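These are the structures, in structure tokens.
Heads up, the next two complexes both have subunit A, just with different partners, subunit B and then subunit C.
This part shows the complex of A and B:
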């Protein structure tokens, strides 16, 4: 009897061991590392992907990207079509970067992303960026180096994040502000000329791209949003009278920031947002030298004035794009719920009065004066 | 009466109750409560915890009058043979249904998140098998296992705490936005997840020491559960914006899925693996109570061990034939109302009867 049970158990377990229903062998999967979405000329959605391919020889393995472009109705539909032309099963579980062509981004991005949010296997930590032009050009581009195209974009975005050039976002982080009325997000904006390069950020309103900021503006935007990453450096013209060109400039590296953002509601409609930004910076390059107390004071004042002016430009551009990147709407919902009910945020956001004030303080200047 | 060898310590009772309470319900808790109470969902959960505590107190008052009897033993004493047997049967059926509901939720969560191609009955079979393996042991062994598994909760807390890298506290402001009525309604949806403390009714005589220690143990257990639930719900609330929350049936898992470290990816898989163990203990708690009831139906004061295989088989049959998602939903709603009857209504009535007719163990046992 006992032996019988053991035998039965052994057979049963052996049956289970033969394989699982849900196993996905790496050897059967073709892993997509980068995917780009464009608005096709016929109004369809065009998908371009780069699939990692490793060709073996005696000398060593050399990976290269196999690129496919298809068009269809939805992102899933495109995957089905792509599966027909790719040997092996296309798997999007390791996507590193998702690119949007500007034309599509200006229309909508949520319908395209839906499948990524819905599929349990998708990589929610994929980076997002908008390409000036089409993603097809961006992905089929021949790079000068030996890096794979997917790796190139991934590293490009990640290093820009560290330098506070672009916000640190992935498809999961953008989802909350994307759906929220009182908050908006921005993603890296990439230009492709000879080589892809970060060209500031693309501002979104809901799931539509509505504007852009240049590199310098986007840095200031991120500082104003209290999102200093590892470093953030600016270069400014401070001396008109310098002899040679480099002597006119100073480069500063932001070390720490203190931001105060308030939302004042006067009456029921008038919304004022004083934004105080205090930067402690390191003067990393000042060819003119002799950073004495007086000069530092003068520079501090000059930089503060310059940055305050630039901050005003940033808020103007944000309002023009209807991009509520500092989550002012969320704050009103939280602190002035009654006011919020009477607002039509799409219209009223533009009427918000931003009062940015940036104070710069040079606290260190390297190992020389 | 109960054999001292089968007794557990009050410390073990804490883990026994906590582990029975915490289960698969937590994963869907946030979205269920958020649907009504919005940003105040965490207050609802706290409120539900307090309400659960009141229920525990009533159970304790009742059990204290019969220090060496389980619920099944004193039911006939209080209500007479036939009604007593009937209530006993209803309780057993309730525990079996709750156990089935746990398996159904568990398998559908796993089906959606990880094992989408695996037939459901395999998942159900595996969890039932594991359950049977432990339920056939004595209560003391079960309690020891529960103590061990308790540490899974700690890991779960640590994983959840990582979400604090990207949170927005504005999502829960203004506090009290939903209004008292909605918060109370939210508490109703959270009550389901707190269920499990009825274990006190069954294990009361099986715990060593005086009744004060047992109340302390149950209090501590419920407190831990309430804190863990509130923490989990609060975290999900500040991670997801309200419109996104409405789209997510399991916000906690979704939140964990988005976390990435340099070495680990898809943390939800690790989380679910841990959670499978935690859910299993919750299931074991209910299976234990059901087995005890089933055994008592046939022979008074008999042990749960002999009835365990029948209980597990019964539950397995129910879940295999009952997989329509719409029906599961209805099933859940019925159970959430039945909760009040079994966790509060009946114990309260019994307590009143016991006071009014001055029935306590001494008089009862002479009958």
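This part shows the complex of A and C:
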């Protein structure tokens, strides 16, 4: 009888307590909000993290970032080293932004990201960006406002995504192009001067950064990739003459796009990619005014010509960087498997002939006329 | 060990085995008044509230007995003394008729009546005695029950008298099919209970079952409807109530018209409705006094409250102790900030607050009105503010527990509210041990139990399991009355069809 009670109690307690093993109390964990990876001077991997510090009472007291920089062999190794520095258990499950220093990104990023793809608790929606310079400077930077550094980068990237300045990527989205031969990704490219600012995008080939595009080019790049977000606005010089400087310019906002991308394989080698981009735009600023029918026609033509020229520049830069952001390789794999077998995509991508053609049509021009 | 054994066993007492119901041998009336009175006093052990009074009926020596605690003095004057005075020269028969006296020749039966508030008249030389009803009754008015208030609709409520309650029901169902069956329950208490049903609707099997279960009660003390409930319900150890309590005649009438059986008992203002399903506890007369859309909205809110009151604290505990990844980025900072310096694990925090709220609720019931408010203030201020400031409980937990407490009082039925409040504790413990996994498991167990449970042969979780989509018209949503073409199938009524086309449907055809 007594033995029975003891046995029952033991089983019951064992059953109940077993759950506590997996417990990870929010109050005990230290939450890493932003993490940056750099190539250290000695070839090691340098990790800089900002950890949320909510000391003080429940209300009032603004949160701080506790910044740690360690270097080691791998990202997991660095986390272990960091655990020795940080009071409390470090948890990377709420990482908002993952930054790469340009030097590291030009070498490789997959080995660094690997741990994020293995840990079931990792935040797959963390934004990825490349910093011109080192991430250590980017994270230790003193901001003028009261925002946390992680929040600052997160919102910076998010607002740029809305304006079609940078592609909407996170570590989950970049996973498949990262490992795919026929597809590549691009991430925001951030410049740090006095404050961090978006400076276009960094083009990747595989897991190496191979080039950059400026803000305007990256916008066109995204339109050509059929990834229009909420807004996308350009400003062009359209009039040579004009009384004042602003009168020379027009600002347009892309309302809708129609993209036609074809991959023509002629013979077995020659690949031609006609890319028709039809933009319906809204003239959001034209200081010179008088948008009559004739002027609109002239502007449409001029803008189309201008954008076509710029699109050519974009494709040239992409090819130079060996960056297959439109997934041409994927299409060839799917529709011309025999051709694909004979191709050495790393080499042959540069030989692809892009024929971009952009047509702009101003459909609305404000509420007045 | 010896001490322990002694502690647990020293107060044991063997009860004598209960005797089988003994049939009392009839005791014929004695010819002499004195002898009769002697016998009665002996039978009632010379209780002091038994009074005797001599009356002078011309030509007869007579005396009557009554229990003054049960009798109305003015009724005695009216029913016994006045007829005698009025018929000074009349014959005995005339007097007895105007007294509305019943003749009895068995004194044993008379004793029972005496206790109930009847007066017994003995006349010298007669083989019979005469029993006159002079019961005093104190009935409170038919006011709206406090725990089942509604905004619109009828404001009547049951009282403690079975006769008035039956009258309230009959008044609304003037139908020859309404049947009342009487029972005397309790070997010692002999209290009266009735079941009411519609002969042409209620399933005969159901009536049979109810009848059988009531007949089977063999207990000394049955004093109220709630006690009868425990004798006739299917599973006493289920957390869910299987009979619906109500003090509202309109609710009883609605259920009678669906083919259910209602039990009323003398001395309690609660009617028990059987069989019922889980969803019946979330219906309120208010749903029907509002229009269909508004009624559905209210009902949806109530069912939602069930989910909140069972799941919300558990969900919060699971989130902050296992899966804080699911907290959105912007919410993480406030929550992290509020839990950062709490010394206890979330489950203790939650139990502490939940128990405090239960304490406040219980204390609030006991306290008289004006003092009750102070409890609210003390509870609100102390628990809401000081505990957080002292750093014992996090702000987020206060919000969660307060929301849960409100949600658990939304349920229109008091018993269901109590069982929901009780059920959330095991779910919370499971969540604190196993996270979402624990919640899922405990909810599955609750659902399994709901599916297994039966109330008088009716599946408790109908119409969800077993699924009958037609019956959903009056469960989660409430369709307009004209669209409810059929009665709900769970009490298995004899007639399923409720109406032919009418309402909007009819208007469209014309």
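Annotations
Rule of thumb we're sticking to: the second predicted complex is superposed on the first by the 348 of 369 C-alpha atoms of A that agree within 3 Å, B and C clash if a C-alpha of one lies under 4 Å from a C-alpha of the other, contacts with A are read in each partner's own complex, and residues count from 1 in each chain.
One rule holds for everything that comes next: a residue touches a chain if its C-beta (ideal position, glycine included) is under 8 Å from a C-beta of that chain, and two chains touch if they have at least 3 such contacts.
This structure is a prediction, so every number in the text was calculated from the model and none was measured.
In the superposed model, A:45 lies in contact with neither subunit B nor subunit C. Of the two partner chains placed by the overlay, only subunit C lies in contact with A:96; subunit B stays clear of it. In the superposition on chain A, A:31 makes contact with subunit C only, not with subunit B. Contact with both subunit B and subunit C is seen for A:22 once the two complexes are overlaid on the shared chain. When the two structures are aligned on the shared chain, A:63 is found in touch with subunit C, with no touch to subunit B. By the touch criterion defined above, A:337 lies against subunit B but remains apart from subunit C after alignment on the C-alpha atoms of chain A.
By the touch criterion defined above, A:275 reaches neither subunit B nor subunit C. Contacts of A:327 after superposition: subunit B is touched, whereas subunit C is not reached.
Where the contact sets of subunit A with subunit B and with subunit C meet, they give residues 20, 22, 123.
Per the touch definition, subunit B reaches subunit A in the complex via residues 112-119, 122, 166, 168, 170-171, 173-174, 177, 239-244, 247, 257-258, 260, 265, 268.
Subunit A meets subunit B in the complex at residues 20-22, 117, 120, 123-125, 170, 172-173, 175-177, 179-181, 183, 327, 330-331, 333-335, 337.
Partner subunit A is touched in their complex by these residues of subunit C: 319-322, 324-325, 327, 329, 332-333, 335-342, 345-346, 388, 391, 394-395, 432-435, 438.
Only residues 16-20, 22-27, 29, 31, 52, 54-55, 57-59, 63, 93-94, 96, 121, 123, 154 of subunit A touch subunit C when the two sit together in their complex.
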